[in-house]
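Next up, some structures in structure tokens.
What follows is a pair of complexes built around subunit A, which joins subunit B in one and subunit C in the other.
Presenting the complex of A and B:
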């Protein structure tokens, strides 16, 4: 019975969705296809060169440096965003905490900031002369540090704003998930005398597996295409030490005027991101179908 | 069955939408083009430029444009103006899709890119025919816009892309009364400044362009000489030649002396200028465009104590010390698809923006016009500007890397110089990387 109702309405529902699909096709799929086509052309977009650009991409050390940097950012964000968000979420569930709403709002607030604003904010925080971090080091009697100029550490420095900005998003996701865990389970565990850590590891974490998978997926796929923060803070510099794939594609398209190659990089980005994301899905226990 | 039909109709709807959207844009474009050509005598021209601020030159540009409009009521100029930095991006993007305005400002690097794609019209015939207009241009003014011996742009002005602005008071304080005229003395001055607790050279280089353009282009020419550059551009020589590696090593000498502020790569140009203004840095290296800004913005005691100089000669170098990287820089270019009276109107407009009258006015607001002007009012210039224009008399201009080379190569070289600044690569490694970008 219910299935026939659904079938009858399906056509109508999908018809209402036509504008959405049209916009999606026009704004997402079409440019993607065009980029794919451009990636087989030379940099002026005038002659077909086959897979030549792809051969160049595979041999391009700058591209692989960008990919490596991307992976560093992904690892930091997975630990930072998802990890810290989970810890904070469990803390927010405990009974000792006062002013729960205030904490939630304060942690969620950065999520609504524009990434460019976050980037500027943090480049001020990192500033060598009047940044708050170096002021703090000065108070402690230490030498000021070059946060965004040291080639070895700049990639960590530009990752922290990403963590800072999006930790609130995952916090909300985890809080929503935790509210779905029946309080009976918690009560039972507490009667059995489990400590907070035991409760978190053995009860909350397994019950949040599905939510955790979604959070990881969002975090990894979002971080693979990160651009705005790094563009504002360092522009990929110094040298190529904070270059990520999206920044490299931007540089090629709009600074170096190599449109064909920039398209190739974007396609390379999609391929690598898909591989990484599917690896993550595999590692966290095979797909979301069961949920 | 029903489902199949539904899918078909949906697909059709999507297709129709896309077709309407794309042809909609297309017919719009051709309609406006048609209107331009058929509306009885009216000539429509689009003009892409970056003269949008309240700076003197931008006001002069606007006034000239309005005067031209009043003189030619049948020519309708539609301005597509955005500020300088976004203008660069915008024009590169428009160039990538071949949708450039009828007239637009283009720098040498863009001309190089567009000429090879056939987007810009050559000027050689116009220059030959109208000698009254073309004769008074400064020697080499058109050099930046030459591709295969054809000229594709008319210079907007001349610019020196390197000038050391130094604080005379600080130099006196450490016992140097005259700006060093030898490379070794210059290095000694840097060491002394460093010991006295000053940042010898304060700059901002986040985009990697400032140091590459205003420091390295001139420094490299002192070592390699201009001939080497021309030969490397035509492919006879390589960036892995000892000349270029020596140039990078000269740069490295300055870096090893800690001549630059340590946070140079994380701050932008404006923040670098502030170091010079607040006496933290004894020198600031920039182009001729910094001078009007210095006169306007700097604290009074800084402006009064500012001296100007160029890099001294480097022993064993092949370059002329009485030279500075610079040239036309930006030019007015005409879209290659213009024909007939539209093209004539475009040429006339550009002549108005590069003629004698405009050049005199340019000179009087402390700009360096692209043509020789004799009859201007010297009293209208600030003392610093007068001093600067005397300094530039008889100087020869050497190539600016980011104007003469293709954008992709420029980025590689400047990024290399930035890597040198942070000590991440050796001169040899950078030279190899740059050479591989050529191939």
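Presenting the complex of A and C:
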């Protein structure tokens, strides 16, 4: 590679990189700084109050309930999205299964929906009087259930639409990863008489380690920012039983008009998400591949 | 295992996966045909097919709910912001894959930051910022946030794509006397067409489906995008179930059509970052 051709010139920087980074700085970096600064101000955003808002945040049981709910949703989504997707992906690799292309297209379809649409669709499915689930319970001769209004189980109810919508994403990630495994390996293992379970645990899983790490990372970081679905289905209720951090920040800012405290929550969200995601990176062994 | 056992396992597995696939698409099919029912028919039986399909829900959504302006707003945001996202990401991808310069690690880290932070943590500060600058509630308000939010992921897609293109094609262009700008747009850009198509489709999906920023930054009814229109429609006409379902269909139809035409591109784009490191 000739070194003079690929040497950056000032004119190129000014013409290309500066405008692009100006937009990015304006709508991502500047807000981040503002959130940081505002998090030290009072609710109206007029007086500097030091770390007072952070003290409040640490003692705010509703914030920690939101965080706990976030973690419950993360666990359900890791099992439901990554887990189910992995099982189905391995099944789609076997000769047993028919109509593989159809399954792939059908299971992926919900991924392209707007989260808001998924939220409303599932609030209809969960609807007490007009919901498909209660209709089904009626057919079975059972009493209708309060899906989104029962405090104890609402957090599970709001997680299922998330699993439903995104399981297809992880399915195609695993399928793409499995395509890179040579078919010779599968043939050899099958000739040796390994069962599907043996093959999955001892051959597929180890070979997909890297893809699995990325899938887990995507799933955890994606689920940590859950907002749209819950906003539409329950708004965090009943009470705070399905409250998540993003919804809590939204409520504080736009329902209770506490912009300062909402900024503190936003920073808290960034810190906690970063900790959780780094923990996942650590637990799954090693970081993202460098390019 | 004997032959019969193998066949039994096969049948059960097929049935289970089929059930799972059905549960993925049945709600959408149900949504489709229920939108053709009247509320009366819906309340009598929620699962049956419509006895006499009607378009009333769609007609009233355009009349009562002012759906046409929501359709326009959503299209406007996508049509303006997506080409800019693609262009900007192409530029970043090109500079990062071809040049080594001081500050590059910093610029890349800053871009990475945008992917790592939960995007909703920007909601409150962006509201404060645009409020102070008097930039809220305008036709153009959402464009800059949409471009910036989608920039990191798309840039890294372009970065890994351009890295695999041999640099000789540009060197040849330079030897022929082409300028930098010309080389960038008439030599490199066309080679990137597959990634440009993928990036365009992915970002149309992202901007079309986006709700929280649209909800918070624009308050005037004529600026509502489809997802925001849905939230207002369903709070104002909370008992109009079939009307709401028609709204869901209209919001989803463009993305579903995109998917049916470009499923391979969408799947490739969404797996590119995960599988190819």
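In this section, the second predicted complex is superposed on the first by the 266 of 291 C-alpha atoms of A that agree within 3 Å, B and C clash if a C-alpha of one lies under 4 Å from a C-alpha of the other, contacts with A are read in each partner's own complex, and residues count from 1 in each chain.
As a convention for this text, contacts are C-beta pairs under 8 Å (C-beta built on N, C-alpha and C of every residue); 3 or more make two chains touch, one makes a residue touch a chain.
These figures come from a predicted structure and were not determined experimentally.
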Problem set entry | Contacts of A:54 with subunit B and subunit C, given as first, second, both or neither | neither
For this session: Tell me which partner A:40 touches in the superposition: subunit B (first), subunit C (second), both or neither.
Result: neither
For this session: Examine A:21 and indicate which partner it touches, taking first as subunit B and second as subunit C; both and neither are also allowed.
Result: both
Exercise. Which partner does A:88 contact after superposing on A: first (subunit B), second (subunit C), both, neither?
Worked result: second
Exercise. Any idea whether subunit B or subunit C touches more of subunit A?
Worked result: C
For this session: Once the structures are superposed on A, label A:113 by its partner contacts, choosing first (subunit B), second (subunit C), both or neither.
Result: second
For this session: Could you say whether A:218 touches subunit B, subunit C, both of them, or neither, answering first, second, both or neither?
Result: second
Problem set entry | Touching partner for A:254 - first (subunit B), second (subunit C), both, neither | both
Exercise. Which holds for A:30: it touches subunit B only (first), subunit C only (second), both, or neither?
Worked result: both
Exercise. If you stack the two complexes on chain A, which partner ends up touching A:241: first (subunit B), second (subunit C), both, or neither?
Worked result: first
Exercise. In the superposed view, which residues of subunit A touch subunit B and also subunit C?
Worked result: 15, 21, 26, 30, 45, 127, 253-254, 259
Seminar exercise, completed: Seen from subunit B, its contact residues with subunit A in the complex are 2-3, 6, 10, 13-14, 17-18, 21, 89, 92-93, 95-96, 113, 116-117, 206-208, 262-267, 406-408, 410-411, 415, 418-419, 421-425
Seminar exercise, completed: Within their complex, subunit A touches subunit C through residues 1-2, 5-9, 12, 15-17, 20-21, 23-24, 26-32, 34-35, 38, 45, 84, 88, 91-92, 94, 96-99, 102-103, 105-117, 120-122, 124-125, 127, 130-132, 135, 164, 167-169, 172-173, 176-177, 180, 210-211, 214-215, 218, 221, 224-225, 227-228, 231-232, 245-246, 249-250, 253-254, 259, 262-263, 265-267, 269-270, 273-274, 277, 288-289, 291
Seminar exercise, completed: As the complex stands, subunit C meets subunit A at residues 9-10, 13-14, 17-18, 20-25, 27-28, 30-31, 42-43, 46-47, 88, 91-92, 95, 98-101, 107, 110-111, 113-114, 116-129, 144-145, 147-149, 151, 159-160, 163, 167, 170-171, 174, 180-181, 205, 208-212, 216, 226-227, 230-231, 234, 241, 244-245, 248, 251-252, 255-256, 258-259, 263, 266-267, 270-271, 273-275, 277
For this session: Would you tell me which residues of subunit A are touching subunit B in their complex?
Result: 11, 14-15, 18, 21-22, 25-26, 30, 43-46, 123, 126-129, 146-151, 233-235, 237-241, 251-259
